[in-house]
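First, the structure itself, so that you have it in front of you.
Lettered A, B, C and D in written order, each chain numbered from 1.
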Amino acid sequence: MRMAIAAIGRRAAACLVLLLALVLPPASAEQRSDPAADQRAFQAYFRKAFPSVGLNDFANGPYAVDKDMRKQWEEIMQFPPYDFALDDGKKLFETPFKNGKTYADCFPQKGIGIRQNYPYFDRQTGEVVTLDLAINRCREKNGETPLAYQVGDMAAIDAYMASTSRGKPFAIEIPDDPRALAAYEEGKKFFYARRGQLNFSCASCHVQAAGKRLRGDILAPALGILASFPIYRSDWGSMGTVDRRFISCNEQVRSVAFKPEDALYRDLEYFLSYMSNGVAIAGPGTRP
Amino acid sequence: MSRIIIATSAGLAVERRLVLQVLGIGSLAAMGLAAGLVPRAQAAEQSLAWPKNAFAQKNEAAALDALFEKPIVVPSDKISLDVPEIAENGAVVPVSVTVALPNVTSIALLIPENPFTLAAYYPIPEGTEPSISCRLKMAKTSDVVTVVEADGKHYGARKQVKVTLGGCGG
Amino acid sequence: MRLALILLVAAVALTGVAPARAATQSDFETAYRAAAEAERQAGVLRNQWTPTETALKAAEKAAATKDYDAAVDLARRAQALAEASIDQAKDQDKLWQNAVLK
Amino acid sequence: MASTIRVRAVAHGESTEVQSLIQHPMDSGFVKDKDGKLIPPHYIETVTFDWNGKRVFTAFWGPAVSKDPYLKFSFKGGKKGDTLKIGWSDNEGKSDETTATIL
């Protein structure tokens, strides 16, 4: 009797799975999602393409793969242009809010040495939380207005928080939660799908053409590409956050960029950071 | 008339140097000994105001004339000019000059293809090493020229830096 | 081949129609509505192109100066760009998988 | 208001190596802003370094020096604990100065 019920149950379950597979074909892609395998393949590709570049050196983007660029970078790093932002960031981070609380009260380990854990998947809200989003949520929780993303104070606070995590490898977790896997898959799709009138994907430049010249620039390998953020780009003449980079990349391929911290950008950051697990945080950084 | 543009290749440099000696004597005669009579210390003091006229010049010859009063610039391998072959960004080109000549009194940096040629001028007081590093902007591909004053004479070196359009990458 | 045919037809149509009568405000409004709708759909697919936006704005500007010929032209260009971006989004919805590092 | 000047001066045997970074836009006068208007030239003209009352370095700059300008030089003398005085002035008459301790 019990066996019969179990058998019926099994059959019903099998039917249900079959039905679901028929009704929801995209679900099968998610079922096949294997972030750990993706990560192994991703890292193997770059290690093979740049055999002389150490894992942590990938954080240095174009400077890891081009000698002449590296020499200029080393000269610039004698007194890096992000120094001012770094000091500003430390001050901002330590200045209490009007209610007397500080950023440290919002973060694990008082916000020191935690950059490598961002973005993370928040199981309560079911979404990806980047460091910048967490910074603004901290402000809002304490009655302060959120900071503008991309530049200025946000980049400065990022710079300081990253500096306290230098040397700590990216340790992004993808919990066993279908929503987390879905976010990861969205980010992965965003990375590989071509967009914009120029029909480029992130991967067109930072996988297939990594290390090659595009106009005057050497394209950074995608592995470790976010480990140096925020960055001072000479091209900008100022600091910029991950959002600023995503938005400018999108615009360069003539695609209408999304708002900073759009769910797609957060998913992309989640995917890219997870791909770079093991690469040590080196931010803030400089770029041409 | 008495100024010589510095040559890049060694062969040309030797040839020019011979010409220079001839011209040098001529110009010295033309100028008389007046220039030589100005004591070095006084010359250094005079140069301690921002050289407005030199910074306003739009070509190499005019800038050098304004800075050094018609110098005869001899190429010298005692000057090491360190610049990138290709600038990672024209807005930030690291430039280093180290001079292995005695009694250096100033180092000038010029970028002939920029709107204003003279980029920076560093008087070197006694006791300060004739070696500087800084970062310069370059509007487009150009030579970077350094002219060094030592013992009242002028020595030069130049190297091309390619500046390509950026805007992507990173 | 088919594209060439379409272009030929379009060229004939344009040369046949354009000189006959100048575009009106209502021609512009029709063309613009179609373009804006295509761009809206591209937005739903989260794949708009900046040149589409530029063309739409330029069309509005031309219409504001009552240059409806130019305005219609620009609106049609915007529509073509928006449709291309929709096609791209639909194609890439599957094709992206081919680019994944494995 | 934080200083616009960062200095790192390190004594190595007989000489002191000085590196400095100054926060300044160094606008060349050839760059346009978002509205297409030229940003007027705004750049540091003179930077001076004094050690024990002696002028050890002067830099004369034009608009071709990069934003947030960097400088490195060395002078004979200087020992750990000595102070170095650094000052700059720009074409708009603005200036700043600071002192740094030789490490």
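By our rule, a contact is a pair of C-beta atoms (placed from the backbone, for glycine too) under 8 Å apart; a residue touches a chain by one contact, two chains touch by 3 or more.
As the structure is a prediction and not an experimental result, all values here were calculated from the model.
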Partner chains that chain B and chain C have in common: A
Shared interface partners, meaning chains that touch chain B and chain D: A
Between A-B and A-C, the pair with more C-beta contacts: A-B
CA centroid of chain C to CA centroid of chain D, Å: 54
Intercentroid distance (Cα basis), chain D paired with chain A, Å: 36
Chain centre separation in whole Å, for chain B relative to chain A (CA means): 46
Contacts with two or more other chains, residues of chain A listed in rising order: 76, 78, 81, 237
Junction residues of chain D, two or more chains touched: 67, 70, 72
Overall pattern in which the protein chains touch one another (line/ring/star/complete/other): other
Interchain pairs in contact, sorted by label: A-B, A-C, A-D, B-D
Complex interface listing, chain D residues touching chain A: 2, 6, 8, 19-21, 23, 67-68, 70, 72
Interface residues, chain C side, partner chain A - complex: 46-53, 81, 84-85, 88-89, 92-93, 95-97, 99-102
Partner chain A, residues of chain B touching it in the complex: 84-89, 91-94, 96, 133, 135, 163-170
Complex contacts: residues of chain A adjacent to chain D: 76, 78-79, 81, 83-84, 87-88, 91, 237
Interfacial residue positions of chain A with respect to chain C in the complex: 29, 38, 41-42, 45, 188-189, 192-197, 199, 201, 203, 207, 251, 254-256, 258, 264
